[in-house]
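Structure first, commentary second.
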Amino acid sequence: MGELQLRDVRKSYGHMEVIKGVNLDVDHGEFIVFVGPSGCGKSTLLRMIAGLEEITGGDITIENKVVNDLPPVKRGIAMVFQSYALYPHMSVYENIAFPLRVERLSKDKVEEKVQAAAGILQLKERLQHKPGELSGGQRQRVAIGRAIVREPSVFLFDEPLSNLDAALRAEMRVELAKLHTELDATMIYVTHDQVEAMTMADRIVVLDHGIISQVGSPLELYHKPQNTFVAGFIGNPKMNFIEVSGKSSGPEGVVVTLPSGKDLTVKVDAAEEVAGKSLTLGVRPEHLTLGTADASIEIVPTVVEHLGIHTVTYSTVAGAKSTFCSVLPGSAPAKVGVPVSMGLKGVDCHLFDGNGNAFDRQLSLEELDATDMHI
Amino acid sequence: MLHKYRWYEYVLIYLGLAVFLTFVLAPFVEAFVVSLRPLSSLFSIPYKFITDKMSFDAYITMWQNVPLLWVYMLNSFFIATVVTVLGLFCIIPAAYAFARFEFPARNSLLGIFIAVNMFSGAVLIIPLFKLMQQYGLLNTYFAMIAPGTAFVIPTGIWLLRSYLIRIPKELEEAAWVDGAGKIYTLWRVIIPVALPGIVVVTITAFITAYAQQFIYALTFNSVNELNPLPVGLFQFFGRQTVVWNELMAASLVGILPVLFVYVFLQRFIVAGLTAGAVKE
Amino acid sequence: EDKVIHMINCGDNTGAGIPLQDELIKGWEGENPGYKVQLEFVPWGQCQEKSTTLASAGNPPAVAYMGSRTLKQLAANDLIIPVNMTEEEKATYAAPILATITANGQQWGLPRAFSTKALYWNKDLYEAAGLDPDTPPKTWDEMYDFAKAIKEKTDSDGFGLAAASFDNTMHQFMNYVYTNGGQVINEDGEIVFNSPNNVEALAFYGKMAEVSQPGPIAYDRAKLRPLFSEGKIGMFISGPWERTRVTDVNWGVAPIPVGPSGTPGTLLITDSLAVFKGSGVEEQALSLAKLLTNPENQMAFELAEGFTPLRDLPEVRALVEKDPTWSAFLDAIPTGGPEPFVTDYVGLQDSINEAVQGVVLGEVDPAEAVEIAAEQLEEFK
Amino acid sequence: MAHSRKKTDYFPYLLLVPASLVMLAIVAYPLFETFRLSFTNTSMSPNYEYVGLENYEKLMSRRFPEVIARTFYWMALSVALKMLIGTLGAVLLNAMVPGRTLFRVLVMPPWVIPIAIGVFIWGWMYNGQFGMISGMAQRLGILSGPFEFLAYKNSAFMSTIVTDVWIGVPMVTLYLLAAMQSISKDLYEAAWVDGASRLYRFRRITLPLIIPSIATMALLSAIATFNSFDIIWILTEGGPRGATTTMIIDTYKTAISRFKYGEGAARTVMIVVFLGSFMLVYFMLLSRLAKRSPHNAA
Amino acid sequence: MGELQLRDVRKSYGHMEVIKGVNLDVDHGEFIVFVGPSGCGKSTLLRMIAGLEEITGGDITIENKVVNDLPPVKRGIAMVFQSYALYPHMSVYENIAFPLRVERLSKDKVEEKVQAAAGILQLKERLQHKPGELSGGQRQRVAIGRAIVREPSVFLFDEPLSNLDAALRAEMRVELAKLHTELDATMIYVTHDQVEAMTMADRIVVLDHGIISQVGSPLELYHKPQNTFVAGFIGNPKMNFIEVSGKSSGPEGVVVTLPSGKDLTVKVDAAEEVAGKSLTLGVRPEHLTLGTADASIEIVPTVVEHLGIHTVTYSTVAGAKSTFCSVLPGSAPAKVGVPVSMGLKGVDCHLFDGNGNAFDRQLSLEELDATDMHI
């Protein structure tokens, strides 16, 4: 149970194609997160799976049944809305019981299931309250409770935590992860919060203008983004991009020339000739070190943030596509206006061709767990 | 998707709408048909919806029976407009006071204002009459305007207040921090920001003032040239024969301009009612 | 600065008599320098109420057109002045007409217009019902029988009965009171409404409903004419104005049939010019009113307007000769009874209307209705 | 409180001045006058005397209690119909079917035209011989002959109510429509996902959520209906035999038609008392209802 | 110019005292941030300084003038609201010009000042737009522009960035910091975002239920919190607290016994006898290391979050007051359910007495820049 397939799924509003052919296989029990910039079609895709939005083209299959024309209730899904969509006039109990009432379940059954859900979600004390009397986190839990009682094979969440404050969000994140394990259900989760995506997902689906840009585990996306879009989107602060020119390529990697004229060997496999081509070098702020490494870049911080745990610098660098950022240890002696040298390691860098597609990094994901990477 | 209907649901909805709109619109259709019939076929038996000799003659001949129709229409507009303007002049500051300020007796005062709703003009007509007479105001526009104004104020305050409450307080605080005085803030910040709400209040006040012009005018005014439309047309009933076709023609011509205006304003009306509907 | 004489006229200024009146007013103004007549036309629906409210608010018109029935009430409230007719002036009026303006031994208004009522009948319907089209009913019973015949033998109803909550329902009923020897108030000002005659009249009114158009309470007199014109009712009682308005059917007009306990009669209604108290120009107003209503000017006005002539002058005979349908109305004048003269006219009207409606609806029996009304009337005399 | 500085703040009172002045002049003073006049025998003539409670005694001895009962009956029936039809209408207009914008415009006319004119038209329609209703009913075989709607107590009573409903229903409809549209679409989607049918969604979501709006509208409507004058006055003047005489009509008849200002004033005072207690009771019921179910939006 | 003093400032709403005697001296040009949990009185205090809220007791002095009874405009302050409080019906130009219009400045002057402010805030292109047509960041800048033109000596900000999304917030943070330098003005800033507080403040004021819990530079609060409240509040994820018992104290530190029975020497100066007392040990999640150090704690992660840059574990630990959290390098091989040992260093730990007050750490703040601390 709980498998889901999308086959060339499309959606148009009038002449505007919003989802442009999405293919995705979800296994039972997976936690899939859709991320992407605002307007990229995350909600639309989720709502198409839910049956709230008509499908313009393609097929959606849930548990080996094409559900394109089924109403939501027949799809075996449950959905949690961003606004929670709690019925303000009903008690928590009645809110959770709503789907069961629709089914005309017997009183005892309803009682049993609601109590079970309330138990899982620690809402037993609140059952007689109205949603208006609950805190944000509690409301969120009620919304989940309403989804749980239906025992669906697929849970759909549309930015369920975006109305909560940071602390509560962190807490609920952990709870949702636990719930996922407990219920052993397939979950599809839309968010634009990176941390949520990275922490909760088995696999992340990065959407860009209605097409899937990359699908993969969080670490895969972090370490092996397939293009500049994913590379820039995953990771906070954003990856730094520097215009470089290719020099040569070989088994040990690709040699590029930095704007400063120095060379750096990036540990990637080149599929094509790179000499003389203009390429983009990507390096995450947290992979920069004070001093020099395989190569270095001179920066003059314009802003320095001391976060205790980290010190973050921002500077303008020739060849960099936007503000150049580095995340240094909390004790790093960076000062505004004082020039400093930033070390780059070829093994940590990413390289992209003129179309923004990544060269394959010489790094096996299996090794990642064992490798002792910086930070 | 959510709003996809099955064929029988469409049938039910349109059938329901047909019945509902028939109830609402039948009188207008009837009025129009009557206005087209010559008097003789008007009183014809058995009832025929379409009679022969239908024509627009009544729209021409009515000018003899109500030569002042234009004047009545203008009066109606004029009275409703002045009521609305005066009403707004009272409503806006009062609604602002109730929406934004803490002062002793605020709630009871508001309650009193709202409660005034329950005294129609008919209830107060005697003393009002004496009052008007005392100050020589009978047979003036003022006699019709003043009571109208009083009875649009409570609803207006109620509507606008619920709108103003939703304007963030920070706007005023920001203006205050910037040194703007209270009147300046009201004039330059609150009123422009509340404009959609004010538009709604304006429309509802106008509707009320326009629709309820009968009793004050009938009682406080007897100068024909000052009469609003309903009283002007009521004169048809004072004759030996009620010239129904002309009455209907005159009624339709008389109300056409407002109907026309409201077709264009309907967006605001529905939107504005939301203001009141969301929170009571 | 000229002093203004505010005069209220009911209706509109389209009648042919108005220019004559204007002429006279201009002449009067010439003779009374320093006074200016301000003439105001008020539609019928609001005319009398307006004058009264103005007066009771302390701002009376100088002279106003009022139904004579209101004069007693106005006088009782000290709002109008008596018009002080000389014996000679009085003599120009028929007694019943004089009676409509006389209360407490004084005259309170100068008659300006008046009407009597008669029975119109549809000759074609008579024929269709097998009745003689040229023989109108003479008695109530005949009227009922004829109506019944029409109702039964044709598609139409026999009679047009008015019982709406408007003033002319009482007027209609008064015709039956007066043709059955009844009265509302006697010469001594006592309420005598609860007489057997009136019970009989009311019972008959109710009985007529059986042969009348359905739902008489929805009808005032004005609404009956279209029915008559359409041939939907065989007969109805109304004033002389119908003669020119009913065109489509072949009709005749005759005196109102007589009840079992009475003699021929009719309700005689007059409207008068009343001179209000407190306008500051009472004297001038009175002189103007008298000028307008003197036999000569009044007659010219009536002829122009098409009103029923008030006084029996030679012109009247010429009128009847030209149009014999006048005679049913003019001949009735001597038998006419006035509208009851009370201090609360609307109260009186409501009470009588209610009695009539009660009987028409079959809710109360006539004797009881008359009794209740009589009781209420005590309050209004 | 931006404006609650130390000094006593006169500003809010200043803002209330224009409205208060109008209210004092047009409502408060006349009300007071009414109260005073209710103890006098004032009538047409400018002079009057204080007569104590005579006017009130007269009230009781006549058919006033009947009028009160009728008024409330008339009001309750009319308001109930308005709410019922208005809710149904709002539901229909809320349906996402082609043409709904047009339909929303089409319900408006009765509300925005002068009441009196609408009533003129209804007066004609109720005519048994020539009017549309009786005519159509005869054509369709529902009636065998002309029926005069205003001629019988019950039918006149109902007819005035129908006209009142006709005038009041657009406002109620549009208001409830607005209330329905302010309900979040998410709620319906959530219910749909849970399998709730259209009817079920209406019963369990729409209806409970618009109940406060219905209650508000019912009160406003009740007050307007209570004070409704034009309709009855033009159609029946309170007849037949008082079948449509409400307190307002009775007052107007007494005071304005019959010039019994004093007696009319006593009636006015009674209206104020009854309407006041009606509102009080209503508010008390409402607040008790609100306490049982706080409608804080989630 | 720009000095501000609060002397025993108090505020009550009815009987409820919300600000309970606050003393604070702010120098010219300082960037002061108020932080604290929701409802602690941050906004109230700021609004009292602004003159939007009446002062129940004490004195507020701006530039050596007691301003208690002055209206806002006479205090030489400008305020930026959380909601921006832009006038929606006025163009950007008119919004910025508003305070000048109130002053009835000449047209030329207005033009000059607005243009200057727009220049600083890069709003020149947007001057004719309405606020509704602007992005969140631009609106924020307009709100600041309106504050700038008045050339106040003190700027007051109430959570100015809380309506922006994460990326924009980071950007605006940097811009505000720049602006602070450029304008050389005193700024008082309310936030509940730690990162903002840490990155922008010269000094942070931590409020707790209407009293100042601690005032100090960001690093001071991070490294030397004076009590458990500040220790728990500053730093994200939260510091872990573990119940320990004191054993002995000496010049090299205080020896405590962990729940596991092992001893650890915490580098703090004890002012009092600690032996046998129950104390609270504080250790920041980012100061935990895999393996063992001065001491170790065995944990079984219940949730593991792989953020790429870090791996975060959550576990239940005996003696810990709430979920025990550790922030490990991105490559750390933590797995749910797999026991792992966490190393603690005595030099990184904090120690608090029974009342929650900190023992003084043997660490000079001056050294911090030079010391090479972990992370």
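Details
When the chains are written out, they are named A, B, C, D and E in that same order, and each has its own residue count from 1.
To be clear about the criterion, contacts are C-beta pairs under 8 Å (C-beta built on N, C-alpha and C of every residue); 3 or more make two chains touch, one makes a residue touch a chain.
A quick note: this is a predicted structure, and the numbers were derived from the prediction, not measured.
Shared contacts of chain A and chain B, meaning chains that touch the two of them, come down to D, E. Here A-D and B-E are compared, and the pair linked by more C-beta contacts is A-D. A straight line joining the Cα centres of chain B and chain C is 40 Å long. Inter-chain centre distance (chain A to chain C, centres taken as mean C-alpha positions): 93 Å. Per-chain Cα centroids separate chain C from chain E by 95 Å. In terms of their C-alpha centroids, the spacing between chain D and chain E amounts to 58 Å.
Shared interface positions of chain A, defined as residues touching 2 or more other chains, are 51-52. For chain D, the set of residues touching two or more other chains reads 1-2, 4, 129-130, 146, 189, 192, 256.
The set of chain C residues that touch two or more partner chains comprises 53, 58, 223, 226-227, 232. Residues of chain A touching chain E in their complex: 165-166, 170, 173-174, 177-178, 192-195, 198-199, 218-219, 222-223, 234-238, 284, 286, 302-303, 305-310, 312, 314, 323, 327, 329-331, 333, 336, 368-375.
Here chain C touches chain B in the complex through residues 14, 40-47, 50, 53-54, 57-59, 222-223, 225-227, 229-230, 232, 241, 245, 248, going by the rule given at the top. Against chain D, the residues of chain B that register as touching in their complex are 2-3, 5, 9-10, 13-14, 16-17, 20-21, 23-28, 30-31, 34, 42-49, 76, 86, 89-91, 93-94, 96-97, 100-103, 106, 109, 113, 115-128, 130-131, 146-147, 149-150, 153, 155, 157, 169, 172-173, 176, 182, 207, 210-215, 219, 228-231, 233-234, 236, 244, 247-248, 251, 254-255, 258-259, 262-263, 266, 269-271, 273-274, 276-278, 280.
Within the complex formed with chain B, the residues of chain E that make contact are 50-52, 71-73, 77-79, 81-85, 87-90, 98-99, 102-103, 146, 150.
In the complex of the two chains, the chain C residues touching chain D come out as 49, 52-53, 55-56, 58, 73-74, 77-79, 163-166, 213-219, 223, 226-227, 232, 344, 346-347, 350, 353-354, 357-358, 361, 363.
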